[in-house]
Amino acid sequence: MNEKVNEFNEYRSRMNEKILAADNLVIKRLFNLDTNTYTEGALPVKTKEMLGLVASLVLRCDDCVKYHLQKCYELKISTEELFEIFSVGTVVGGTIVIPHLRKAVEFWEQLQSENK
Amino acid sequence: MNEKVNEFNEYRSRMNEKILAADNLVIKRLFNLDTNTYTEGALPVKTKEMLGLVASLVLRCDDCVKYHLQKCYELKISTEELFEIFSVGTVVGGTIVIPHLRKAVEFWEQLQSENK
Amino acid sequence: MNEKVNEFNEYRSRMNEKILAADNLVIKRLFNLDTNTYTEGALPVKTKEMLGLVASLVLRCDDCVKYHLQKCYELKISTEELFEIFSVGTVVGGTIVIPHLRKAVEFWEQLQSENK
Amino acid sequence: MNEKVNEFNEYRSRMNEKILAADNLVIKRLFNLDTNTYTEGALPVKTKEMLGLVASLVLRCDDCVKYHLQKCYELKISTEELFEIFSVGTVVGGTIVIPHLRKAVEFWEQLQSENK
Amino acid sequence: MNEKVNEFNEYRSRMNEKILAADNLVIKRLFNLDTNTYTEGALPVKTKEMLGLVASLVLRCDDCVKYHLQKCYELKISTEELFEIFSVGTVVGGTIVIPHLRKAVEFWEQLQSENK
Amino acid sequence: MNEKVNEFNEYRSRMNEKILAADNLVIKRLFNLDTNTYTEGALPVKTKEMLGLVASLVLRCDDCVKYHLQKCYELKISTEELFEIFSVGTVVGGTIVIPHLRKAVEFWEQLQSENK
């Protein structure tokens, strides 16, 4: 597995565990709800992950973008589709989104290099 | 047509005309680009409008939400699908999004009452 | 009861009902979670409502501010305490918060005029 | 004077007075600081008001935009210059800024109709 | 003292000195005002620091969160109380806040490891 | 050239190339529009770069701030003028902007050390 992707996932898992270990009921339920949000429903999982990605992009949260990029990668979203999601996010959110786009493209490359 | 929907569209068109009449090239090209963003591509128009809607919702822009709701309505997105878009936006953006959700649901009803 | 306060609460309740009637499980659970967030715990209810208020203020959500102002009013938070919460929110969030402060002060007066 | 402009200024003054009457030292000093920020310095007042306007626009604060538009109008900033400020704000902040641009253009017209 | 905490404080102090050395009166007064905001008043210092923390969290400013965490640590706020502040911030601000929660929890651990 | 400045520019160029190589028409046109926004018009280039800087600062985008700082440096904007731009951004955007101010001042020093 790509080292950078691995590092990101490892930190994320480790800290999530610590957060959940604090045993705050509201936070635990929000984590749970987060998972449920992206399950199959009237909309397919793929569409929901795209929605999560564009929402993360316009809110300019690099880690959230990375998380959804990973999901999109697993769901076999194509690079062409990805850039159309990026185009919506960048037009809606403005050039202020571009630095986050750079990091997103870098992570997408790291995801692709994983299996080579 | 529903009066509130009509009012919204009328104001939007009237002010857009004034903005474009000022003949600022950058702004005119951005308006153009905005239109191009949502045309059919690797992703269908329907998905792109959903992306535009969720991006507008988490950025809490009521008028942008209304615009995309109207497009979603024309594209026959179901109320069940709509609420799944809302669920992604509200979980990602938090309870701060809920007041905008109220206005979105109100406008969705106005759109539906149009054709009755 | 003050007319403006009444109007705000009536709209809020009516639209919340419609949102919940759509029966989207994620949104229903988020509404539930929202309620649980402000219950007595290691921190008293009063402190939690103050936290909710300042968070709403810096995120510049007028309706969220109004909701928490009402709770603060019921919990007998004094005007002096209130303005210290406002001072934190305005210094952290900048002068961009001031227009929301104006509306907050207006609503606070409406709450006080209720019982006269 | 234009009725809408007048209404905006009257509400602003009235609420500012109430805020200052609460006698919170931090808030009073922030209001003072706000005034000092836009005084002549290494940069001319005109430039500072333009900076205040674009900052208000990308942060999507309609009332702040109106306030700075009024200052820009008094300082004889031309409509062509104004639209270049708008173009920076809209490109940096994205199409999410456009609804605020509509309101800004409407207020600019109201300012101009004042003296006719 | 914990190395990471030390590094954070050292960078912060060093850059603050440079900012103040530039001798811009408005910025100097804002720094001053910032300090005054969190002094004892109608609300105790502890509550004010909690307000500063939750405001920083929902605005997703990692460095601001770290600063207030340090103050909360000095004021002997318990981990249980801390997570209730986090719960308000995360519910109000949404899952977009979670990556900042991870960094906050990491810093909180570093603060605790200081004195071991 | 200063190593940190160089590193920033190198990463920026490399990733921009990758983004443009994806050949998404909307994104390519937005990049183009971005360039056009800051060309001489009714307002001089210098003023436009100042506007871009303050917009980036209040939106708290470190990379955008760095980009405009570099332009301001090339355009011979003085440190005194710079701090007045910073003062507008910090008063409008609040103390939440201060951590970004620290990074901006650090980068400004790196720009100045380039030619020594």
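Structural remarks
Labels A, B, C, D, E and F are assigned to the chains in the order they are written; within every chain, residues are numbered from 1.
Here is the rule we go by: contacts are C-beta pairs under 8 Å (C-beta built on N, C-alpha and C of every residue); 3 or more make two chains touch, one makes a residue touch a chain.
Just so it is clear, the model here is predicted, and its values are computed rather than measured.
With contact taken as defined at the outset, chain C and chain F are each touched by A, B, D, E. Between chain B and chain D, the least number of touch steps comes to 1. Relative to chain F, the chain whose mean Cα position lies farthest away is C. Two chain pairs, E-F and D-F, are weighed by contacting C-beta pairs, with D-F ahead. Interface repeat of C-F: among B-D, B-E or B-F, the matching pair is B-E, sharing over half of the residue-numbered contact pairs.
Averaging C-alpha coordinates per chain and comparing to chain A, the farthest chain turns out to be D. Distance from the chain A centre to the chain F centre is 27 Å, each centre being the mean of its Cα atoms. Centroid to centroid, with C-alpha atoms defining each point, chain A and chain D lie 37 Å apart. Centre-to-centre, using mean CA coordinates, chain A is 31 Å away from chain C. Residue positions of chain C touching 2 or more other chains, listed in rising order: 26, 30, 33-34, 37, 55-56, 58-59, 64, 80, 84, 87, 90-93, 95-96. In terms of inter-chain touching, the protein chains here all touch one another pairwise. Here chain F touches chain D in the complex through residues 33-34, 37-38, 41-43, 47-48, 50-52, 54-59, 64, 78, 80-81, 84-85, 87-89, 91-93, going by the rule given at the top.
The part of chain F that touches chain C in the complex is made up of residues 58, 90-97. By the touch rule above, chain E contacts chain F in their complex via residues 11-12, 15-16, 18-19, 22, 24, 26-27, 30-31, 34, 55-56, 59, 61-64. Those residues of chain E that touch chain D in the complex are listed here as 25-26, 29-30, 33, 36-37.
Interface of chain A with chain F (complex): residues 60, 79-80, 83-84, 86-87, 90-91, 95-96, 98-99, 101-103, 105-106, 109.
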